[in-house]
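One chain, chain A, links the two complexes that follow: it is found with chain B in the first and with chain C in the second.
Up next is the complex of A and B:
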């Protein structure tokens, strides 16, 4: 989370620097009275670098995908207490005094 | 005879009920969709800024958007380890969802960056 966020911020900073370089390049062209045909090479390289960094950040920061299959390891234990039919209050375990009961008595 | 018919009808009903039940975890599905929306929105904004700085006008910008979204789809597939059906219920979720909403953000930031860099 933290690393991906930092990488995204670095990518945005690189993009803003590329924008600033392009503004300077345009003003230079205005002085030299030439037409703008395309951004200079270093700006293109910066844009590609920023795109790659932001792509990496966008794919890692929002979190991981969770499996939607019900029979995977992480989903089995979650879905059982969610079903109220499987809640059991009256069973032989209550004969033994558990730590929960001790806490309640105190 | 009647009882047999009843049982067959009830079997049918129960099988239909089984068919109606979702056979995947809806909460995890919504979590995955949220992740996809975040990724697409952020990359639409970034793509818009890049298209504006590069000075794309007209149709080239939209082609650039399609390119960005295609790369994003491939990246999301790689994030799902190329087993899309264990994280989503169909391919459309990973390829198409969030496309139009991202297009609006893209156009907004495209014009924004183009104005700042090339006009002012």
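Up next is the complex of A and C:
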């Protein structure tokens, strides 16, 4: 968690540095009066590195993936909940009324 | 819905609590979350928490929901004194609450004073005519008194207003099945499946009812729904596998001579048989000869 978060922050910093370099490069081009043909090599490398780091952090920090397959153990229903809204009380529990003589102490 | 993981977790916690390993509160929370009915355990462990003032105060505001849970469990065990005491505590804490008033009416039900309970529910409905839980309790009263047709009538009236309530549709289906009114039950299960299409157990129940109804068309639909149950459970539902075997053999019996898609059907049959045999070999090798004998008696030609 901690490591992933740090990596994510580093990735964002690298990306913003790439943005900053691009702006600087363009203003440099304006001074030298040349046409913009494409970003310089170091910016491209920074972009790729930032992309990889951010993606890795985004996949690890929020937690594990949950299964979406219906037949895995996490998703496979094995029994239905008791329909408790319709529960009725005159069942055999009345006859087998428990030996437990419990009391609520108030 | 109780998934496999939750089921194993529940059993593990139950074992742990039964053997005095602690974790009673987690167990009670899980029971409430999964909506399973374990009144005796809830009563025993819930009371032991409530009677221990240190444990009780550490729950914070959860304490009151525990009182509610224990009181319902106590009514289910016919320990009406405990239920009454729990409700008294809640009444003192929340004097104006509708929820406590409902609990009191349920206590009347548990005592068997139907008319008084009915009266209490009617007055509660006057304050809030769209309280679903109270409508459901009135249906339950009719059912508890053995007045099944009255329960069906009330349930139908309820479903006219609250059509999206799949629990009520499920209840109605159960009642119809208990009365052997399978055609009506089929309709209810269709509604249930429409509301929750990913629950394999509803597909299974629907297929069971269709198979019981019989007839070539119904059997074919039943086979499809058994197949969808297998699809949704990854083949781990034994009942659905047996259902496939029974359906294919019944269809073969009915459509003798008109062998249209017989090949596909016998293929499905043999697949189901293989899956069943593999399952039995893994979990109960002693029962394997019984299974093979039973499957052999099903004719599929």
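As a working rule, the second predicted complex is superposed on the first by the 65 of 106 C-alpha atoms of A that agree within 3 Å, B and C clash if a C-alpha of one lies under 4 Å from a C-alpha of the other, contacts with A are read in each partner's own complex, and residues count from 1 in each chain.
By definition in this document, a residue touches a chain if its C-beta (ideal position, glycine included) is under 8 Å from a C-beta of that chain, and two chains touch if they have at least 3 such contacts.
This structure is a prediction, so every number in the text was calculated from the model and none was measured.
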Touched partner set for A:43, first chain B, second chain C, both or neither: first
Partner chain(s) touched by A:90 [first = chain B, second = chain C, both, neither]: second
First (chain B), second (chain C), both or neither touched by A:70: both
Touching partner for A:7 - first (chain B), second (chain C), both, neither: neither
Touching both chain C and chain B, counted on chain A across the two superposed complexes: 70, 72, 75, 79
Interfacial residue positions of chain B with respect to chain A in the complex: 23-26, 28-29, 31-32, 34-35, 38-39, 42-43, 46-47, 49-50, 53-55, 71-72, 75-76, 79-80, 86-89, 113, 116-118
Complex interface listing, chain A residues touching chain C: 70-90, 93-94, 97-98, 100, 102-106
Residue ranges of chain C in contact with chain A within the complex: 1-5, 7-8, 34-37, 39-40, 43-44, 47, 50-51, 70, 75-79, 81-82, 85-86, 88-89, 109-110, 112, 132-133, 136-137, 139-140, 143-144, 167, 170-171, 174, 198-201, 232-236
Parts of chain A lying in touch with chain B, wherever the complex brings them together: 8, 11-12, 15, 18-19, 22-23, 26, 36, 38-39, 43-44, 47, 50-51, 54-55, 57-59, 61-70, 72, 75, 79
